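What follows is a set of structures for review.
Both of the next two complexes hold chain A, though its partner changes from chain B to chain C.
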Partner chain A sequence: MKKYFAVALGVLTAIGGFVDIGDLVTNALVGARFGLSLVWVVAVGVVGICVFAEMSGRVAAVSGRATFDLVRERLGPRVGLANLLASMAVTLLTFVAEIGGVALALELASSVNELLWVPLVAAAVWVVLWRARFSLIENVFGLMGLALVVFAVAVWRLGPDYAALWHEATHPTKPAGEGLPTYAYYAVALFGAAMTPYEVFFFSSGGVEEHWGTRDLATMRANVFVGFPLGGLLSVAIAASTALVLQPAGIEVDTLAQVGLPVAVALGKLGLAVALLGFFAATYGAACETGLSVGYSISQYFGWQWGKYVRPAQASRFHATLLLCSIVAAALLLTTVDPIKVTEYSVVFSAVALPLTYFPILVVANDPDYMGDRVNGRLANGLGSLYLVIILVAAVSALPLMLVTKAGM
Partner chain B sequence: MTGPGRRVAGLSVTALLLASCVTPATGHDSYSDKAVTSVRAATSEVQTARLVLQLLSRHRIFTPYADETLTANEEAVGSIATTFRSVQPPRGDDELRDAIAGLLSDAEDAVGHARIAARRSDPVGTGDAAEELRGVAGDLARAEERLS
Partner chain C sequence: MAAGKDPIAASPVVAGRRYDAALHLLDRQLVDPDGRLVAKVDDLEVVEGADRRITLTAVLTGPGALGPRMHGRLGEWMVAVWSRLHPAEQPRPGRIPMGDLVRVDSAVHVGRRTAGLGVDGSERWVREHVVGRLPLASDEDEPSEQHPPTMEARQARERADDDVAGRRRMVHLLGLPVLGPDGVRLGFLADVRLAPTSGVEGVLPRLVVDGLVVDGRHVGSMLGYDRRARQGPWLLRRIVRRIHRNAGYLPWDAVETVDWDAGVVRVLRSDLDPLDVATR
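Right after this comes the complex of A and B.
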């Protein structure tokens, strides 16, 4: 019974924790502008994150070490450093966006300017990272993030023509009036949002925090193969809600407030309150995950003691890194940079950094010295190799597309 | 960092900076494209404000949420108008500039009135602002049709 509960809890938190500020904004923006014609990218991204999260989770469970703990050892300090710099820069940018997202959600609920919330949110995130247990961070915000199911309920209440929606999703065509480069740019952004590097940092390091062993592989796989796709469905629901309400009115999404409007149309104040809770939980939970991921990756590269499973005094440099990240995030946001713009750029830069994150996972997951007889099988290697090609295409095209489309304008 | 590495980094930074810049209009077509982009962006803000007022009048949205949304709309449409006005029009396009700048200014006023009415919880003012927004949305749609 206890095992079933653990699996159910893991799946639920994986669903609730899947969506972050990047998914919220990018899916809403794309839905309002392109309808469901880019849903296929979400599907491709979800399969990709499942493939690599399973690999990194397996590495953690079998070797007892986080994937990136092994990257420097297996690929050498230079490759490890390149991996660290690229992934950490993107994760730090995502951390800034998540803190900004929490501040925006609080602004919408209170009418108090986001800039006043930013220092408080950064301090509150740091306190949670410092004091709260790992399982508390993972479970509480993951479960609260399930509030975003309200977007699926909103779509149902709006009573759409499901056949038309299905047709649009399965027969993707570029909408009239949109250029092919813009369509491709948002495809890359959606892919970057779905495969954000911090998700695997957090997943594999979290496995070590929770002392996964080979007996936990089934639970880990249930989280990945059930939780992540259902989380992906939440992303699709967000896109569908904006496609149904905002696209016909010619509304393009450039604020978090606009993301919640379809829920208000369908469900009124109660639905909007639940959506606000979902915004808060998704961004706060992701802020904790990205903050920890930055600390994990730096500490693992330099060989410092890391993790929430030891007392802060025993992992002082890891906790100092978390504190420094919180200060940097607050300082950046207090320059009045728009958190939504930071989010939009962070998902595109994620796409650029993807090869440096995912290639080492594939290498380590194939090394019998670490994995024994649990190395990748043919399917994992086939999918992993295919995705590396997709990832390379996305990474190479991201910046030129950003330039050509003036960042999707 | 190696020579090629430096070049790639330099090019990336330049690309990013260029991507976020407002480029000058180099001819009628380019200026017209900028006008269409500005009108579309303003339409999005005006339509958002209309939707918020509808939700407000049907008590389906919290006042702080409506206030924040309308404030953001007002700032956005103001920024769109400022950006468009700052572009140097080519010779012969002064009339187009005045027409679009006037429309954008009307949009800014209409969204501003919506924000004021929402903040005062004034049903009459909200109705008037909704009507004003409807008119501006129509003007913007006609302008976009003419320009496209």
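Right after this comes the complex of A and C.
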């Protein structure tokens, strides 16, 4: 019974924790501009994150080593350091975007300007990183994030022609009036949002935090293979809701309020309140995850003690990093940069950094010295190799597309 | 190790697990008996004995050991900042003698607790000056944490460290050009294979260099694909093997000399053995 409870809890938090500010904004934006014609990218991205999250989780459970530990071990100190700097920059950018997202959600709820919330939010996130238990971070925000199911309810209440939606999603065509580079640019952004590297840093380090062993592999796989696709469905629901409400009206999404607009149209104030709760939980939880991920990756590179499973004084350099990150994030947001813009850039740079993370995982998941007889099977290797090629294409094309389309103008 | 005596008794190589220095030891996590993370294996210390055998003597940690492995400006800068911040006049990298190691798997396991190893200077400093002063940090500390190694203990340890003359670092060996009998370059030293001897260092057998992995290219590791013919995935294996198609293995008896000053390895053969052999 306890076992089933653990699996259910893990799946639920995986669903609620899947969506972060990047998924929220990118899906809403893409839904409003391209309808459901880019849903296939979400599907491709979700399968990809499942393949690599399972691999990194399995490596963590079998060998006790988290992702960045392996990055340096396999790529050496020089390439490892370049990788660390790039991954940390992207994760820190995502961290900034998440904190900005929490502040925006609070602004929507309170009408108090986002900038006034930023220092408070950064401090509150740091307090959670400093004192809260790991399981608390994962479970509370993951479960609260389920409030985003309200987007699926909103789609249902809007009573769309499901056959037409299904046809649009399965027979994707570029909408008239949008250029092919723009379409490709948003495809890459959506892919980057679904496969953000911090997800595997956090997932594998979390496995070490919770002392996973080989007996936990089944639970881990249930979380990944059930939770992540359902989380992906939530992403699709967000895109569908903006496609139904905003696209016909010709409204483009560039504020968090517009992301929540379809819910308000379909379900009124109460629905909007639930959506706001979902925004808050999803961004706050992801802020904690990205903040921890920055600390995890730098500590794992240098071999420092890290983790919430020891007391803060025992992992002092790790906690000093977390404190520094929180201060830097607040400082960056207080320059009045628009968190939504930061989010849009963070998902594109995520796409650029993807191979850095996923390549070493694929190599180590095949190494019997680490994995014994739990090395990748044919399916994991086939999909892993295929995705490595897709990831490389996305990474190489991301920046040129950004320049050509002036970031999706 | 007593002063004066050649620390490297010439003990014969025996059967047992072999390690590749770069693939299996460098950049692995060091873990103490409580499961605490100590540091990374930033470099390895080796000593060349009277019989020219090269023995592994210690694991080196910290920026002072990592910096030289970065090569170039960045490495110099790392070492410079580290020695400026270090309290000692002429700082040395953290050193854990081979006798303190107990096991090598996905991590390198140390037999002593972190506090007794004396390699956690920066962790201690950040704890005392930053993290320990934050609100709610004042948990009761573990007793062992209360007794950092005294200055005398540290000095005694450093004197013991000084005993072995001719200590070298792995970073100065890896990457050296390998020259054949007629001075033709066969490639660069990509890795060294370490074999156990009948001598013992703590609980592990003493490890000596028993062969060289030579690669035609100077850059790019083989990611472990050199050691096994069947390691997947197929695509990566093909690419890595293609890039490193000129790589091969040389047993130790084919090595003439390691010329540390000139920075070359001279060998007696011009043909390399295939890599998959002699792994176990």
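In this section, the second predicted complex is superposed on the first by the 409 of 409 C-alpha atoms of A that agree within 3 Å, B and C clash if a C-alpha of one lies under 4 Å from a C-alpha of the other, contacts with A are read in each partner's own complex, and residues count from 1 in each chain.
Just so we're on the same page, a residue touches a chain if its C-beta (ideal position, glycine included) is under 8 Å from a C-beta of that chain, and two chains touch if they have at least 3 such contacts.
Since the structure is predicted, the reported quantities are computational estimates derived from the model, not experimental observations.
Engineer: Kindly say whether there is room for both chain B and chain C on chain A in the superposition, answering fit or clash.
Structural biologist: After superposition on chain A, chain B vs chain C: fit, no clash.
Engineer: Is A:A320 touching the first partner chain B, the second partner chain C, both, or neither of them?
Structural biologist: In the superposition, A:A320 touches chain C alone.
Engineer: Contact-wise, after the overlay, does A:R131 reach chain B, chain C, both or neither (first, second, both, neither)?
Structural biologist: second
Engineer: Check whether A:I251 is in contact with chain B, with chain C, with both or with neither, and answer first, second, both or neither.
Structural biologist: first
Engineer: Using the superposition described at the top, determine whether chain B or chain C touches more residues of chain A.
Structural biologist: C
Engineer: In the overlaid three-chain picture, which partner chain does A:W306 touch, first (chain B) or second (chain C), both, or neither?
Structural biologist: A:W306 sits against chain C, while chain B stays out of touch.
Engineer: If you stack the two complexes on chain A, which partner ends up touching A:S385: first (chain B), second (chain C), both, or neither?
Structural biologist: It touches chain C, and chain B stays clear.
Engineer: Can you pull out the angle centred on chain A between the C-alpha centres of chain B and chain C, to the nearest 10°?
Structural biologist: 130
Engineer: After the two structures are laid over each other on chain A, how near do the C-alpha atoms of chain B and chain C get, in Å?
Structural biologist: Superposition on chain A places chain B and chain C at a least C-alpha distance of 9 Å.
Engineer: Do chain B and chain C touch any of the same residues on chain A, and if so, which?
Structural biologist: The answer is that chain A has no such residue.
Engineer: Looking at the complex, which residues from chain C come into contact with chain A?
Structural biologist: Listed in rising order, the residues of chain C that touch chain A are 22, 24, 26-30, 36-40, 42, 61, 66, 69-71, 74, 105-107, 114, 122-124, 126-127, 130-132, 134, 136-137, 139, 141, 221, 223-224, 228, 231-236.
Engineer: Any idea which chain A residues touch chain B in the complex?
Structural biologist: Contacts found on chain A: 107-111, 245, 249-252, 254-255, 257-258, 260-261, 264-265, 268-269, 272-273, 276, 399-400, 402-403, 406-407, 409.
Engineer: Can you list the chain A residues touching chain C in their complex?
Structural biologist: Per the touch definition, chain A meets chain C at residues 63-65, 69, 72-78, 80-81, 130-131, 299-306, 310-314, 316-317, 319-320, 323, 362-363, 366-370, 375-376, 381-382, 384-385, 388.
Engineer: Quick one: in the complex, what on chain B touches chain A?
Structural biologist: Those in contact with chain A are residues 12, 15-16, 18-20, 37, 40-41, 43-44, 47-48, 50-52, 55, 59-62, 64-65, 67-69, 72, 76.
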